[in-house]
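Should a chain be cited, it is by its letter among A, B, C, D, E and F, assigned in written order, with residues numbered from 1 in that chain.
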Amino acid sequence: MLHTVNKSPFEASSLKTCLSLAREGSDVLLIEDGVYGGLAGSAHAAMVEDALKSVKVYALGPDLKARGLAEDRLISGIEVVDYEGFVELACANDKVQSWL
Amino acid sequence: MLHTVNKSPFEASSLKTCLSLAREGSDVLLIEDGVYGGLAGSAHAAMVEDALKSVKVYALGPDLKARGLAEDRLISGIEVVDYEGFVELACANDKVQSWL
Amino acid sequence: METKVSETKKFMYINRHAPHGTVYAHEGLEVVLIGAAFEQDVCMAFIGDGVFQLKQDQDTTEAGMKNFSPAYRALGDYEVNKLYVERESLEERGMSEDDLMPLTWEDEDDDWAEKPSIRVVSRQELSDLLEEQDVILNF
Amino acid sequence: METKVSETKKFMYINRHAPHGTVYAHEGLEVVLIGAAFEQDVCMAFIGDGVFQLKQDQDTTEAGMKNFSPAYRALGDYEVNKLYVERESLEERGMSEDDLMPLTWEDEDDDWAEKPSIRVVSRQELSDLLEEQDVILNF
Amino acid sequence: MKFSVMVNEGPYTHQASDTAYQFTRAALAAGHEIFRVFFYHDGVNNGTRMTTPPQDDRNIVNRWSELAAEHELDLVVCVAAAQRRGIVDADEAKRNGKDGDNIAPGFRISGLGQLIEAGIQSDRLLVFGD
Amino acid sequence: MKFSVMVNEGPYTHQASDTAYQFTRAALAAGHEIFRVFFYHDGVNNGTRMTTPPQDDRNIVNRWSELAAEHELDLVVCVAAAQRRGIVDADEAKRNGKDGDNIAPGFRISGLGQLIEAGIQSDRLLVFGD
């Protein structure tokens, strides 16, 4: 199952809710303002690092670039994908849940 | 100075930001989904109770009723006002900041 | 993956927004009611502020808005009778099951016995339910 | 309270939204640039995710959106040169002042010396600044 | 006292327009002046005459139009925000080559300067949004 | 694979419509089928032909119209959501007594059943919103 999160964890609760409900082996894709959730050294980094033990976390490259975030700012273990990769993740998982 | 907060503290950070920046003696008015911030016994009640030591907190009655929240569900010390009271608060304070 | 027209899919409508402050709860409920005609296997989940949608005694008169909360009572008639409410979300908000509207449905396989539609479940149970679905819509 | 047409008021534009995910930052900046013509005493505050608006190296090409971030560089020319950035918000996000665009203005009272527009301030200082304002707009 | 009101979200989707309306009505009832109501961001969508809400719901656009007629309110829709979202009066339609307009009675389209002026001229500026 | 896409926010205000567009384009480029794009909530505002965004910005509405023309996409605007927000085609204008319409090329107005059908018929339903 693919989960997408499009809001910043600093302003909204959706990343936290997603990670609390995503089962082991799920894919989580950070898009739009959700990519801020991937920032290393932030107040929410520990939550994401903890989640990385049981789920795979991706971040959408075009949204990182739009926000001036280089890949080396991301928590280690987060994989960057483009829109093509987003489509591939949607195919590879049996369903998609958007945590709007 | 009057601060208004219109979002639920369970989903958004605006109440927390408001209370961290509101100076002693300020008025804080909870409107729309912001009235959930007034709920006694919630996970955010301690933050509001703490704020009540230095600011006055109001909640908009029509928004409480719309959401089925009786006044006795509110944290003690929160005063309920109607739209007329909202106008009076806006008059009594020299400016209004909406934490959108 | 094979898709048949006659296939019955498991639909979950996740409700995460409080009512009235935004329209998502209201327009989400309209989707569920329309969707009921399609005879799919439907359930609803109420997570986070979504639990406030089921609060009793909503009265929008003074706010001058439409009170759509009575429409939740129609869900049972449309055979939408699995409403999962996350226990942790209720507790975090200082709420309990007693705060929720007593929604029911009539079980035709059990002599039309009136049964409760709301089931308070743990986050873990909800997580399992999510995995079972075919289509998830989030309002 | 007396209001004179010629009065100069203290305007603060508070920016609390990240750029691109929503339009508030972009349309907020448009207000500031238009407002500059009115010769009021103007400042901007960047709080919470608003600090991300000033992040260097924004490139929206692949996302297919407009990159409005270069417009912040025009603020100095419009004499909008008090941009307060909350230190706690930067730190919470793993960011530092080095991440921000080096915005400057030219001080005509100091032989057009180029001076920095961004001032990183504490939450307490920001709280004091809020109190000094006459009009506050929040984007 | 002289108030101005800013509305930043469209009708129905957020409560902002409802709260702004109730505040404006209460201020007028208390004898205050409303210098201007300024519609920005998605707030410009309050200014279309093309809505047909369900009959058992309030009509948010008509409510503003009627309040404006009754109290000679100045309802201003920001032109830049309106262009992004498709709110058009006869002048804008002509300028931008549109085959029709959709502005509701009592609303006018103007620039952001009207907002700044409202901030300068009013004793209080109240903002309602998301 | 057969995808459907749901867009719940209007143009420019939220990135949802942009991301949905980029996803749809990428899916088509990879050879997948787009069964339907359904516009709900403020998403219906993507379907007006009255927008005039700044010339240096993308034209979100036209982008959808052009993609639809190129790939015969089915762009469906929810009728109930459209009525609340003032998105109108010729039929709706007639039914609701409006003096014009504003629907953009390539979009059609229909009921919520089209969303449910998309969920049933598609292998994956992707939702983009606030």
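Quick note on the criterion: contacts are C-beta pairs under 8 Å (C-beta built on N, C-alpha and C of every residue); 3 or more make two chains touch, one makes a residue touch a chain.
Remember, it's a predicted structure, so these values are computed and weren't measured experimentally.
Enquirer: In contact with subunit A and with subunit D at once: which chains are those? Just list them.
Expert: Touching subunit A and subunit D alike, sorted by label: B, F.
Enquirer: Suppose you hop from subunit C to any chain it touches, then on again the same way; how many hops at least until you reach subunit D?
Expert: So the least number of steps between the two chains is 2.
Enquirer: Count the smallest number of chain-to-chain hops linking subunit C with subunit F, moving only between touching chains.
Expert: Tracing touching chains, the least step count from subunit C to subunit F comes to 1.
Enquirer: Copies subunit E and subunit F touch; is their interface built from the same residue numbers (over half shared) or different ones?
Expert: Result for this pair: same.
Enquirer: So how far apart, in whole Å, are subunit D and subunit E when each is placed at the average of its C-alpha atoms?
Expert: Computed from C-alpha means, the inter-chain centre distance equals 26 Å.
Enquirer: Report the inter-centroid distance (CA atoms only) between subunit C and subunit E in whole Å.
Expert: Distance between chain centres: 35 Å.
Enquirer: Averaged over CA atoms, how far is the centre of subunit E from the centre of subunit F? Could you give it in whole Å?
Expert: It comes to 26 Å between the two C-alpha centres.
Enquirer: By residue number and range, which residues of subunit B touch two or more other chains?
Expert: 6, 10-11, 13, 32-33, 62, 82, 95-96, 98, 100
Enquirer: Multi-chain contacts in subunit D: which residues touch at least two other chains?
Expert: 16, 20-23, 48, 63-65, 135, 138 - these are the residues of subunit D that touch more than one other chain.
Enquirer: If you look at subunit E, which of its residues touch at least two other chains?
Expert: Touching at least two other chains: 1, 12-13, 15, 22, 41, 54, 80, 84, 125, 127, 129.
Enquirer: Can you give me every chain pair that touches, using the contact definition above?
Expert: Listed by label, chains in contact pair as A-B, A-C, A-D, A-F, B-C, B-D, B-E, C-E, C-F, D-E, D-F, E-F.
Enquirer: Within the complex, which stretch of subunit F touches subunit C?
Expert: The contact residues of subunit F facing subunit C are 1-2, 6, 40-41, 80-81, 84, 111-113, 115-117, 119-123, 125, 127, 129.
Enquirer: Can you check the complex and tell me which residues of subunit F touch subunit E?
Expert: Going through subunit F, the ones touching subunit E are 10-13, 41-42, 45, 48-54, 61, 80, 83-88, 92, 96, 98, 100-102.
Enquirer: Enumerate the contact residues on subunit D facing subunit A in the complex.
Expert: So the residues of subunit D touching subunit A come out as 16-22, 48-49, 52, 55-65, 67, 69, 92-95, 99.
Enquirer: Report the residues of subunit C in contact with subunit F in the complex, numbered from low to high.
Expert: 1, 3, 5, 7, 9, 11, 23-24, 27, 30-31, 34-35, 37-38, 40, 135, 137-138
Enquirer: Show me the residue ranges of subunit C that touch subunit E in the complex, using the header's touch definition.
Expert: These residues of subunit C touch subunit E: 20-23, 63-66.
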